[in-house]
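First subunit A sits with subunit B, and in the next complex the same chain sits with subunit C.
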Partner chain A sequence: MVNFGYTILPVHILDLDKADLNLAKAITFDEPSFKLCIACGSCSATCTAGTFTKFSFRQMCHHIKRGESTQAIDESEKCMLCGKCTLACPRNVNTRNIIRLVRKAKQTL
Partner chain B sequence: MDLHAMHFPYHPFVLPFTIGLVFVFFYVIGKWIYWISRLGKDDRIKIFKNIFTLKTPQAVYEVFMECLIHRKVFKKNALLGYMHMSLALGWFLLIVLGNLETRYFTHGRINPPYFPIFFEFFEHDLISLNYGRFWTFTMDLLLLFILTGVGLAYFKRFKSKPLGMQKTTKHVPIDRLALTALWLIFPLRLFAEGVTAGLYDAGSFLTNPIGNLFASTLPIHYLYYPSWWAYSFALGTFFVLLPFTRYMHIPTEILLIFLRKYGIAEKDIHSTYTKVELSSCSRCGICIDACQLGSDLGIVSTQSTYFIKSLRYDKPSDLLIDSCMVCKRCDQVCPVGIDIASIRANERKELHLFDENSYKYINGYRYKSAKVAYFTGCMGHLTPSVYKATLALFDKAGVDYNFIDKDGSICCGRPLQLSGQEDAAKQLIEKNIKLIENCGATILVTSCPICAKIFNDNYNLKIPIYHHSQYLLKLAKEKKLTFNKTDIKITYHDPCELGRGLGVYDEPRELLKLAGNLIESSNSRENSLCCGGSLGITNISQEQRHTIASITLDELSANKADIVATACPLCKKTFKSASENIMIADISEIMLDSISDKSIKHNLKIENKEVIVKSSK
Partner chain C sequence: MNKTVAVIGGGVAGLETSIQLEKLGYNVYLFEKNSQLGGHAEKWDRLFPSRRHASEVIDSLKNRINNVQINLATQVNDIKRENGAFLVDANGKSQKVDAIVLTTGFELFPANKKEEYGYGIFENVITSAELESMFSSNGKPQMVDGNTPTKVAFIHCVGSRDEKVNRPYCSKVCCVTAVKQAIEVKEALPSSEVYCLYMDLRMFGPGYEDLYKDAQVKGVTFIRGRLSETSELEGGRVLIKAEDTLSSKPLKISVDMVILMVGMSPLPSTEKLLKNLELEPNNDGFIQVKDYHLEPTHTKAEGVFVAGACTGPNNITDSVNAAHSAALEVHKYLTSK
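Moving on to the complex of A and B:
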């Protein structure tokens, strides 16, 4: 078979009926502005930590909403809490608090 | 009657008072010994080194000025100061002069402690004695002095605004009980002395007429003993409750003033000095009005007084620990001078959110090499006009600088530190120290007060650190920059981290005076309001931050200034998102706009609105 240099993506099915959305619920409860995110990526574009490593607040939010709590928690560790994303956010999402809540969740999970 | 030959007089009603007094005396002495013994070796050495120096009389003077006169409360409001002074100084003088009075009448005999307190009960006919009129008059005058204060305290419960307080502390039940006892002591003394004066036609200008009034309206024969019992009981109740209530501040503040004078301060973790500070809080509530979370957002249950109370008795809730912008306005107004910000910072450290591997990814990165290193920081990168203006001025002055974090930098660590993540902040600090040292700079200039604060406090760099307002002033003084003074009216906003944080108030003002007319707002310098953008708080929304920002801006622009100058990129950004009408600019932008050399002036349009700079000539 001719190798075209790309393959079929591995199956990535997310069953939201079965996903563990506890982290998403807890964060939405403590920080309602989490719901406002439109995933525009301004936060990731401005991110200080993102200059040095693969870190995206936007992606972390996706992980949370998909119930992928472990990935979200691992991702959140890279944040320096500098607060640039909060200022860049066009939807006034309280990003620093979301990071804090995810980090706190690490201790309870 | 020969008082000298008299045996120690006694009546059972003195017992409640005496028991209370003995209890509070030994409790307080015990606490003091416990606190001092647990201070740690370094602190005890400090005490021994300083106790026989001038610092001791200085501390005595401060105790007199703050614990008795209440100078700092007077500064807040004269009526409030009088209220506190009348109770503290009045009661103190009543005790001292009461003792002298009884010593005088008993020819210098040492009397039991209750004797001066209930002297009128034991000795009715004082006027016929030598100087009797003088003593009774003095004691009546002091009682009146205290009663006016108590009256003001009653009044303050219903209407606190005339005493300069918008909001007062919500007290716990045991405080209310002690407060009731305290409020009853002096009216009951007046009542007991009045009844006695009525029975024996004694007393001076206050107790005598009241006694006559009682004699004609009340069955004073029946009230004689009960009145003295009630007075003693109120005193005893107050003394027994004192150690467990806010009134513990009365003895503890004295210890605090001495310890502070001897150079003892808050450390990286809570110590017994913290316990002394916590017990010194009188919950006067002056910090409540200073807190913008309360005045601007209506959050009135999380102010420093509640945080301190909660920490003294128990463990504060997360809400109490987190709800603070760390603007340090409460530190500024606290009449006791408690280092609230440090206590709160130490309390926040209990929560560890990051671990030692969190920032492993930062390696192989270098800052540009430089002589004068300019560091704009994260917030600076969000407000490019600030660093552009600063660097244009550096160019003009011929400074051999390098913009070391032009391609980005790691965070200085202050935002983590403000969130209590001291260990995580240390990782960033260590990395950043290496990066800064490796760039070979001899001077570090930053536009960001947040960075400047932690550079100054935690970095231990061997090179001088300047905020750009300080450095630009230095350049102006060295005649490397000349500015055209115009008649533009500028109000300067002191950023929290630069002002209360680092004590830089004068340099930005001096600099701005070279460009225009500086007019002060009503809360400037140490009393400056926070812009609301604080990185010290995470549990308020952006909308709430905008509310704080617009209230602060209204206050800043109330004096009809043409432009509001700030020296912090975060303040600028926060203000900008809150208002479209008020012109806001960083100090460097204003300076660039008034530079004499028109060739480099880039017709700077501050916030898209051209400032019409009229030459003063």
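Moving on to the complex of A and C:
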């Protein structure tokens, strides 16, 4: 076969038919408040770590819910567990426990 | 026919209920705790979505009242049942009536409860109601030092959708009010920069989405993220922080003025009346109606009806509709008695 130098681009689409939502399910089981986020960004806006490094707790949760768990697990390392986000959340999501569960998932992977 | 009805609260719902009951031939006693009729709308400059003057609506309501016994500056303290009728105690006097319509309305969320937003601490952090007063008196917003602001930020959902202040519900009228006021600031001060910090824009009513589009055309900047905190800068300016959730980055802007879109909260004095009538508030603290879908102006107590924002956040149209419905239900109740 003649190589024309063309390649197929990797698919840049969230394919929910193939998404691996096991981490989302596991976190929801242990911390049901994970489901309650309304994506207001109060957590990330108050986040001490997020001021200095690219870290958004809200985005991390969203990655998990769309099956992008690897990204989320790496992100969770940036949290300093200060708990300001828990104080700010208007839906009383237990944010610190979510970080703890994501980190626990990393150990079992 | 000499049957009498007490309408408690002289805002939009109370006025419209009184008008309808009067037309149906009842003796109406209207009790208003303030020294004037019109409720919150009386203090508003212009209404969404048409931006007509609120006074047009309030004056129309007041003008259509003829033979209602209006009791101003009269707080109803107690309501008792007596032989199938009611005794309404107010200002040391007792009035016997055959039915009750509660139209006690709401209070604006006390913005100082959200301490991190700086209301009552930083002088240029004001509420949406205070901005309306500025439009009424000056036609434009003004900073405390008398200067005209060049950057203004509207903060949506203050005392709405927030379990941290025990207000988990959506107040539903603040979104469109913010958009209306943002347009008005832009029109009054064309060179100003205007921002709206929102979570969702709930433009549910006719003409609301048009207003949103108009705000975009006029150059209002919409930022999707909830305010986390304010701090004061030199000259009374205010620094606000949020997450720009669409770019997933923390965001800050310094502005001259912050407008808090305060939501509708249950009125504490209504709670006491509910106890007197052995009624319960709903989950949000407003009056529980008998059947949300089928009997939205009935309560579980016989002879006690409701209309307006005492049952939950309402716009003026909702209140007028509920008032018509309540008046008809009172009529059906009193004619079958």
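As a convention for this text, the second predicted complex is superposed on the first by the 98 of 109 C-alpha atoms of A that agree within 3 Å, B and C clash if a C-alpha of one lies under 4 Å from a C-alpha of the other, contacts with A are read in each partner's own complex, and residues count from 1 in each chain.
FYI, a contact is a pair of C-beta atoms (placed from the backbone, for glycine too) under 8 Å apart; a residue touches a chain by one contact, two chains touch by 3 or more.
On a predicted model such as this, the values are computed, not experimentally measured, just so you know.
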Task = Judging by the criteria at the top, classify the pair subunit B and subunit C on subunit A as clash or fit.
result = fit
Inquiry  = Looking at A:Leu81, would you say it contacts subunit B, subunit C, both, or neither? Reply first, second, both or neither.
reply    = first
Task = Classify the contacts of A:Thr46 with the two partner chains as first (subunit B alone), second (subunit C alone), both, or neither.
result = both
Task = Check the residue A:Ser33 against both partner chains and state whether it touches subunit B (first), subunit C (second), both, or neither.
result = first
Query = Does the superposition put A:Asn94 against subunit B (first), subunit C (second), both, or neither?
reply = first
Inquiry  = A:Asn3 in the overlay: touching subunit B, subunit C, both, or neither? Say first, second, both or neither.
reply    = neither
Query = When the two structures are overlaid on chain A, which partner does A:Arg103 contact: first (subunit B), second (subunit C), both, or neither?
reply = first
Ask   = Can you give the closest approach of subunit B to subunit C, taken over C-alpha atoms and in whole Å, for the superposition?
value = 5
Remark   = Overlap of subunit B and subunit C contacts on subunit A, residues 46, 51, 87-89, 92
Remark   = subunit C partner, complex, touching residues on subunit A are 38-47, 50-51, 54, 56, 58-59, 87-92
Of all residues in subunit B, those that touch subunit A in their complex = 351, 353-355, 357-359, 361-362, 365, 378-379, 381-382, 407-411, 413, 415-416, 419, 421, 428, 533, 535, 538-543, 570, 573-574, 577
Task = State the interface residues of subunit C toward subunit A in the complex, per the touch definition above.
result = 157, 161-164, 199-200, 224-229, 241-245, 248-251
Key: subunit A residues within the subunit B interface of the complex   = 33, 46, 48-49, 51-53, 77-78, 80-84, 86-89, 92-94, 96-97, 100, 103-104, 106
